[in-house]
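Below is one structure. I have some questions about it.
Chain naming follows the written order as A, B, C and D, and within any one chain the residues start at number 1.
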Amino acid sequence: MSDKTKVTVWNEFRHEKKDEAVKNIYPEGMHSVIADYLKKAGGFEVKTATLDEPDHGLSDKVLNNTDVLIWWAHAAHKEVKDEIVEKVHQRVLSGMGLIVLHSGHFSKVLKKVLGTNCSLKWREIGEKERLWNVAPGHEITEGIGDYFELPHTEMYGERFDIPEPDKLIFLSWFAGGEVFRSGCTWERGHGRVFYFRPGHETYPIYHDQNVLKVIGNAARWAQPRVIMDTSKAPHIPEPLEKI
Amino acid sequence: MSDKTKVTVWNEFRHEKKDEAVKNIYPEGMHSVIADYLKKAGGFEVKTATLDEPDHGLSDKVLNNTDVLIWWAHAAHKEVKDEIVEKVHQRVLSGMGLIVLHSGHFSKVLKKVLGTNCSLKWREIGEKERLWNVAPGHEITEGIGDYFELPHTEMYGERFDIPEPDKLIFLSWFAGGEVFRSGCTWERGHGRVFYFRPGHETYPIYHDQNVLKVIGNAARWAQPRVIMDTSKAPHIPEPLEKI
Amino acid sequence: MSDKTKVTVWNEFRHEKKDEAVKNIYPEGMHSVIADYLKKAGGFEVKTATLDEPDHGLSDKVLNNTDVLIWWAHAAHKEVKDEIVEKVHQRVLSGMGLIVLHSGHFSKVLKKVLGTNCSLKWREIGEKERLWNVAPGHEITEGIGDYFELPHTEMYGERFDIPEPDKLIFLSWFAGGEVFRSGCTWERGHGRVFYFRPGHETYPIYHDQNVLKVIGNAARWAQPRVIMDTSKAPHIPEPLEKI
Amino acid sequence: MSDKTKVTVWNEFRHEKKDEAVKNIYPEGMHSVIADYLKKAGGFEVKTATLDEPDHGLSDKVLNNTDVLIWWAHAAHKEVKDEIVEKVHQRVLSGMGLIVLHSGHFSKVLKKVLGTNCSLKWREIGEKERLWNVAPGHEITEGIGDYFELPHTEMYGERFDIPEPDKLIFLSWFAGGEVFRSGCTWERGHGRVFYFRPGHETYPIYHDQNVLKVIGNAARWAQPRVIMDTSKAPHIPEPLEKI
């Protein structure tokens, strides 16, 4: 692996172009805010990619040079080409880290990697969320206290249709009465996967320092230890032992 | 749920028609041997379905009346239509049990449900296998002792590219020097999934009483507790609490 | 195993004798209310045992005839004799089911079985709790909807110092701002363990029909499939294979 | 945390003093061989401690300055004082890493941390073991290939009475016909735990470069991210939200 973790921040990047309110919060797109944070945090070589670029900005060259892929998407999941999803999936199984944010729960990428529908309940009235840190000894929560709060956010509620996480990191409390598994890790193939709930186009969630810190921590945690294809079933004609 | 568990035994059913050696072992197909065992075991309402039937024998009517689907396939994974795979996947997430046998590890169905490549090492020299029961307190191993043996079988070796199982049930020892996680359970959506390694077209594996007992136990274990669609993300406009 | 699941409901049974308010809610003790529910539910052979009986009511004869042990305790954890705790622990590892309620989180029994401190945050102002069902396909949640509420209860908050549960069943929302993993399962040895948060001496929690239903479901789920000692390390002098 | 991981290698250190054959292989004790490897590997500050020192060499000062504790023991588990076991246990729950080797499976420390009997089958005829790497993407297997072999070793066979590991790292094949989960990780409290099977007093297992590499990798992996007591249940009298 290289000295620096190569992160590609992928964004659907549609809301920010069409909606004035969103544009005001993220003039260069949410991906740029996240990328800027990672650049300042140090230890990362950061690129961005967006839906409307050729191959959604995820050519083989880009993917093969990505250690950790961050994914934000919302309204255009269906426009993501199946062949690109397939390549991202295989790259994860080979070892690339994957961090899926907020509405990315319904992306083809996450559903394919986890094998479940990733459905949930939702409500958008700008209510308060408190994220409880249930894994203070985990790399992803470094520098995060017992909990942190987002004053106004979209609500996501259980039941979240995911495989039991390898490790539950955050649990959310919502003012309206719901709870949610807001930070979850899994390993698939040789790749590490983190789903992180916060983030919404019309609230300045990616300007929140705790949210950014968690994303940076997760990008460090998710970097590959190996990159190895797992798609082949090798024939071993000779036994290792005499029979 | 009905009193009897409705099991559909699905088989590719090609080897048995083309290859005399296989035909001699399974004149009516492997599915028939498994189905006959389940009928005699009692508590099951058993149907079979095969690749070359219309819709591979898995019409909506059949799937919607299946509590537990057993899947054997080998050489024709690619011929299984994506739309049928999608329906099977959704039915599992809604609660249907799924038991995947042997070379079914590379089926579209299992790969889609687990989200990994399910690759492994293999060798076909008819070596001995000993399956160690590592979960004697589990429903699937009822009536199985410390271990059981298959005198001649195909070898499957690690690394098996699967998500960490919820529960490891069997571990195999092979005379040639490999080991394998031969019985694994997972839950996906509301459905229970069991992968069971034994089974090969040219050895009489499905005439083995331990193998059949495990399949019967697994069919009992995998029956649904609920059938509920998990594909929708319901909007909950009103908070449960006053804000 | 016998036809009926043999349940022993164990209770510290001190608050009910000393405190008038508690006595009014549970004149015969919390154990009696739970035992009565199980008797009416059917399928159980129910006994009770309490701290101040000889051997805390848990003689070898009683333990060896218990399939599932339910445990409520609060103020007198230290008075439970270590040798009885050791016997309960071994019986769980041999296959007995264990259901630990509410303040039993700090019992010697649960701490020994899980190997962690089982600490948590708490507050007692009678606030509202909503328990979200995150495992609608599990036996323990049969007949329970999306969630149920307890209007007035003690609060337990994260971080709960437990091993990652095998399966998370309930997540609690509290009016005061906390969340909690209120229903968790583990397997230890051949035994099944369920921790269930609700229950408090000064609120009529064990008169709540949802709470009782969950306890009954859990008692069914936790019944042993085998009873086998796991404390010995057998010497196998002869290899199974020629070397 | 300090720059260097502070490792304490603990050894029963009795066989090496009493038995000439063992003395020849480990003249300064097994702990010294492991400590020497770690010192050469770099990144560690290494101490040793043994059973017959006061407090078994594990005074509060030593424990409070230990990031990762490595534990080898065999014949004298009972001589380890309960109060020291209790302190080690609490230090693990607070965040200290714990690596338990070989016959340490039956130590008070591991049994207390895991809550199970940790029993297994065994045989001592110097048979061949092959350890399969089932987690090539894990820090603990860095630099280890598909498998490695030990030409002569004691056999440990399933069923190993442990909680389902968070992550299975190695699976062993034995010439005599058994299999074993030889490398397993768990998290307990804030501490990381690794059990690693290889190691025996009468075979030169701790001179094997693969075995040493795994121990070094595990010591890096197990270092604490936080040190925080988990034994208290804090009272939070004021709700975070207005009720």
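By our rule, a residue touches a chain if its C-beta (ideal position, glycine included) is under 8 Å from a C-beta of that chain, and two chains touch if they have at least 3 such contacts.
From a predicted model like this one, the values you see are computed outputs, not experimental measurements.
Just one of A-D, A-C or A-B has an interface built like that of C-D, with over half of its contact pairs in common by residue number: A-B.
Note on interfaces B-D and B-C: more C-beta pairs are in contact across B-D. A straight line joining the Cα centres of subunit B and subunit C is 34 Å long. Our note on geometry: subunit B versus subunit D, Cα centroid distance of 37 Å, whole angstroms. In subunit B, the positions touching at least two other chains are 130, 136, 157, 159, 164, 166-167, 174-175, 177-178, 187, 189, 240-241. Residue ranges on subunit A touching subunit D, taken from their complex, read 95, 130, 136-139, 142, 166-167, 175, 187, 189-191, 224-226, 228, 240-241. Residue ranges on subunit D touching subunit C, taken from their complex, read 89-90, 93, 106, 112-117, 119-123, 125, 127-128, 155, 157, 159, 161, 163-164, 166, 174-178, 186-189, 230-241, 243. Put simply, subunit D touches subunit B in their complex at residues 130, 132-134, 136, 146, 157-160, 164, 166-168, 171-174, 177-179, 181.
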